[in-house]
Amino acid sequence: MTTLDAAAPGHGHGHGHSAHAEAHGHEHDHHVCGVPTFVGILLILFVLTVLTVGVSHFDFGRFNMWIAMAIAAVKASLVISVFMHVLWDTTINRIFFLSSFLFLGLFFLFAFADLLARGDLVKAHARPAPLDASDISEWGPGTKEHKFFEQFKNREKNGKAKGH
Amino acid sequence: MTAISATSVHETHAERKNYLNRDSSFMSWAGTLDHKRIGLMYLTGVMFAFLVGGLFALLVRLHLWDATVDVATGVKSGGLFEPGKYNQYFTMHGVFMVFMFIIPAIPASLGNFALPLMLGAKDVALPRLNLASFYLWLAGTIMAIASMLLGQVDTGWTFYTPYSIYTQKAVVMMGLSVFVLGFSSIFTGLNFIVTTHKLRAPGQGWFRMPLFVWAVYATALLQVVATPVLGVTVLLLGFERLYHIGIFDPQFGGDPVLFQHFFWFYSHPAVYIMILPAMGIMSEVVSVFSRKPIFGYRLIAFSSLAIAIISFIVWGHHMFTSGQSELALFLFSFLTFFVALPSAIKEFNWVATIWKGSISLEAPMLYALSFLVIFAIGGLTGVILGTLNLDIHLHDTYFVVAHFHYVMMGSTAMAFFAGLHYWWPKMFGVMYSRFWATIGALVIFIGFNATFIPQFVMGSMGMPRRYAHYVPEFQGYHQASTIGALLLATGIAIMVGYLLASLFGGKKAEGNPWGSPTLDWTHTSTPPVLENFDDQPIVEREPYDYTLILEEAKQRVQNA
Amino acid sequence: MITSALHWAGAHAPALLSLGVPAAQDPQKPDQHWQLPVKASSFATEHDQLYTFVEWINYVFFFGIMAVLFYSVVRYRRRREDQPPASTSTHNTAMEVTWTVIPLIVVMVIFALGWKGYAEMSLAPGDSLQFEVSARRWEWSFKHPGHDEFYTRELWVPVNRPCQLTMSSRDVLHSFYIPAFRVKRDVLPGRYQTLWFKPTMVGDYHIFCTEYCGDQHSLMIGTVHVVTEAEWDAFMSGAKQPPWNAWTGDAAVDGKKFYQQKCSSCHSTDGSPGTGPSFKGSWGTTKPVLDTATGQDVQMAFDEAYVRMSVRDPNRHIAKGDPKYGPPSPMTKFSTSEVPDERIEWIIAFLKTLK
Amino acid sequence: MSHAGHTVPAPAGFVPHTVAHHFESQEQEYQSAKLGFWLFLVTEILLFGGLFVAYFYYHTVHHDAFSIGGKQLSWKLGTTNTAVLLFSSFTMAMGVRSAQLSQKKAMLTYLVLTFLCACGFLVVKYFEYSAKIDHGLGAGSMFHPHDPQLLGYEGLSMFFALYWTMTGIHGFHVLCGMVVIAWLIWRGAKGELHAKHYMPVDIVGLYWHLVDLIWIFLFPLLYLVP
């Protein structure tokens, strides 16, 4: 284990270090993993990738998504904890990084509180007539959107023309 | 960069070089890494954006002096501009004021200047990132001005789709400038979090830091966690316009309400990025000018963090009528009231600080007192808007316009002026005229209320927002509000006037004119030297301990 | 202009000076809150009670804080430079608990009342009359029960009967807002949004669009006419010709009425510039017109064929607008369901009468 | 470049590092840089998080269109790309380790290996993208599928819009990672990275692991649509 030497005395003044506990309290040797740890983690990640591909061939109905996300979460936590050294990092770094997933979860939670309970998007209620692109006055002839909608309208013809 | 020459130690105290007059070459400003100079550069840029935004506000108010529409025939009459031009002006007013003035104003100018001083640090933790943040702000501002002149964006600062997708205006370029300004804000926030964690003075635990540092720290959390979502929103809007990927465009099956979720997930924390630093300045100014320790230090500190956290779960109250599900409305309305509580607690704490203090009505205190009055009104009207039933009637009317001007212009800008007047002697070593400052504060206070109280009443009567032509019965309110706006503009002109006059002719300011106990006033010269402190200050006492200040005042009175 | 401002200030001075103490009520409008529009729907009474309740709580809190603040600023002003503060207490748990718990309780009560009020708004009664609303850039159109053609700008509803509006937009976001009924709902393209109300007072009330939708957002307004039940039954039974179907049979007169509905917001008849060219004295003249298919200017006579083609496919030929007003903004096409062929004949008859 | 701070002696054959003037010690500088970079990673998580919210939003609404869309993508190329990125994460971690032990040659080889893996990833991406364009499965206005059987699925253009946006922005981050790794190789060759000053390698390593982390979630969602 190599150690970063203690801070060379500051040039102007030599007395007490600045008292940021977390920077100076513990000793300075940052953890260095052994090669076997890394190789082990890599193999586990490969195995999990094969697992997630294998599992996708079976249909578990609603649980498909949960299984896929669970496997991905395990892989992610391996990468985070070992490759990114979060296990041996200061608590502040750990708190900040893991709390970002918390705030992302809040975004999911409330966006889906709106979507799932909305009633008309998920269960196909009466939907108004499909929108007509020519109602958008900005998409008059000569604009790229106008060309695209012409293409989109007679795409069956294009499809057959390409012989697929 | 010039190395610290050994000779600096021998200069006599009088003509010792401070951070302003040590080097006046262009590169020493343009390439500076000194947090104080970056703070000043931000200050000039931010004031420019404020004045330009204010100009657009005046154009809008003057147009609305007499711009009616006849209900029966639908024919419009009066008004200075075409409706299209009016839409561009209120959009520019929104974009300039929100993205270029109010979000960077307090953290990037006053925060950059004062935070390291208050922490007893030589500089912010990542000085180069600090300079990059300023240049990103500059690039964003130039891009926004360019897209304003070339593309006349008229979508409002909210860029709601699908209108922002269809309109043939330079929305992509404006989006790019907002993206760049977002990164500038992230870098400032990131810098302050690292500085507060790593560069505090010895002995300065978390509860011995001034409350301004707490507030700017909570703001930095919001800047770092919320701004990226604005980045992805603007990115997707750009792809939407260029490649029509259809995520927000109903023509391709997209959902405009999803855009509103994306936009407000950032923009509600953004309104707390605006108000939290103002609350930080309030805690400083109220305590210093009552010469009394702040009341409930921990309560204020924790309520700053509480606001930062809760602000992530209330964004739906901007979208009550937008077609969300009833469950989402229930949750958002319920949680909105919890975010209102910490603000109310802070207001009570400030008033409790002033209670039985020793109040001196200097200029910063005048602006702080008008903050307290205006923020109370802004907060209480926020409770009305948070109530689901009332918001259905009041949403997108002038009631909302008046509410957010009360908490943005009235509170954040007023606190920004208070902070400006509080740190002005420390920044420039000169003192502004107290007489003109009092007049400026009064005219701004009266002009502000004269502008926005009629808008409250007009809004609850049903006057919709962003209308170039209104039905005639609202004309009286609009005219009263325009008179108020002109008064407010004169007040701001007076303020800018006497502040600039103090730069060129003001009398010198020395030592600690306000008697403030925090490190930035007690341990640094006025204006401070480049390294801020001759030797590293050690913090042994509570942040708001006035015993020394009172003894000095007693000495002065005895020998005077 | 100045006079109208002074006149307004005079009319509202008592209310403004009293800062909220309700001024003398306007006799014709029974117990109308001075900050709120007339109460014309079943929601309005409950809404205004809650508004007044929250407003008075705000006054109590506001004047309470201000009294403490200004008393202490006056009483404890620093008269001598070394005057110490009267107290240096920085903590008072009892007070801190009270000023946290009391606002929490008050705010929860307000939330509960707000939710109860909204719950009624979101569920329309089963027997409500069904109307259809179609919003497009800068005009509201309504389909009344029993009549399958949209009528622009004006809506007729019976008093004391629940009416449900099923709304959707053809292009961008709009928001349907009737201040007098205290109802508002965004109108989304590609989705139906419903809104219901029960009018309680006969009269005409404003309709506004409150979601920014482009240039003429502020001109996208209309009127809702609340008619008596007897009159409504007469419309329904056909005893009286309903106003949304009241055509006189004289092409020019009906043409003028239809013009005011559909065309007046962009095309003026008195030569004044607008989003579209003015119709004044244009009949029979030949003007250079840009043919977008070929890209050249071509001379087109302003005759029946030109009017029919401009309604069905406006962007085919774009008239040279007055350059001072910037490039002509393309006109959106009118489908047969919006402007049946018969209506175009009326417009043509009306244009002929314009000199 | 910054004011003259104090310099920390380096092991033999390496260039010593000077600590910036406003830091007390090198440890403080190191911890500040690490905390600052973790905060930057928070912004990356939130940026991609927004895209994942859009994905799940439309996955709920157009479930069958998404599963058909997933089948148009070749999961074989996706799996190889995942393996390539995982391996590059491994080599980057080994690179950081050898920097901590001042093993210059080992560090450079691992960094070059990571760089090559990144190139491999982008090459596989290039083939995938050109195949999609040929089948007319572009994003938004380039979406005109030639296989008529696909036309019936409402929301399929949404799947490909999300596919192109998410993998496009991820690919851009891989590109930025390659630029930064090249910069690291250049500095490492000059001998500036060693046990006493390995902070740049550590930070670029964190960035690269994050890019891999994002792909770990992108792969099952886009290629094996659950």
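Chains here go by letter, A, B, C and D, matching the order in which they are written, and residues are numbered from 1 within each.
Please note the rule applied: a residue touches a chain if its C-beta (ideal position, glycine included) is under 8 Å from a C-beta of that chain, and two chains touch if they have at least 3 such contacts.
Given the structure is predicted, the values throughout are model-derived calculations rather than measurements.
By the count of C-beta pairs in contact, the leading chain pair is B-C. A summary of chain positions shows that the Cα centroid lying nearest the centre of all protein Cα atoms is that of chain B. Chain centres here are C-alpha means, and the one lying farthest from subunit D is C.
Chain geometry summary: the mean Cα position of subunit C and that of subunit D are 50 Å apart. Inter-chain spacing, taken between the CA centroids of subunit A and subunit B, is 32 Å. As a whole-number value, the distance joining the C-alpha centres of subunit A and subunit D reads 11 Å. The mean-CA centres of subunit B and subunit D are about 35 angstrom from one another, to the nearest whole unit.
Multi-chain contact residues of subunit D, defined as those touching 2 or more other chains: 28, 31, 35, 39, 42, 46, 49-50, 53, 57, 61, 141. The residues of subunit B that reach two or more other chains are 166-167, 193, 197-199, 225, 229, 244, 250-251, 253, 255, 257-258, 261, 265, 323, 326, listed in rising order.
For subunit C, residues touching at least two other chains, in rising order: 171, 189-191. In terms of which chains touch, the assembly is arranged in some other way, matching none of the line, ring, star or all-to-all patterns. Across the complex, subunit C meets subunit A through its residues 136-137, 168, 170-171, 189-192, 292-293, 315-316, 329-333, 335.
Per the touch definition, subunit B reaches subunit A in the complex via residues 166-168, 193, 197-204, 225, 229, 244, 250-251, 255, 257-258, 261, 265, 312-313, 315-316, 323-328, 331-332, 535-536, 538. Listing the residues of subunit C that touch subunit B in their complex gives 1, 4-5, 7-9, 11-12, 15-16, 34-37, 46-47, 50-51, 54-55, 57-58, 61-62, 65-66, 68-69, 72-73, 76-78, 80-92, 95-96, 99-100, 103-104, 107-108, 110-111, 113-119, 121-122, 153, 171-173, 175, 177, 179-180, 182-186, 188-191, 193, 206, 208-219, 221, 223, 260, 264-265, 268, 325-326.
Residue ranges on subunit B touching subunit D, taken from their complex, read 1, 3-4, 33, 121-123, 125-129, 186, 190-191, 193-194, 197-199, 224-229, 231-233, 235-236, 239-240, 243-247, 252-255, 258, 261-262, 265. The residues of subunit D lying in touch with subunit A in their complex are 5-6, 8-9, 24-28, 30-31, 34-35, 38-39, 41-42, 45-46, 49-50, 52-53, 56-57, 59-61, 75, 79, 82-83, 86-87, 89-90, 92-94, 97, 100-102, 136, 141, 144-148, 151, 195-196, 205-206, 209-210, 212-213, 216-217, 219-221, 224, 226.
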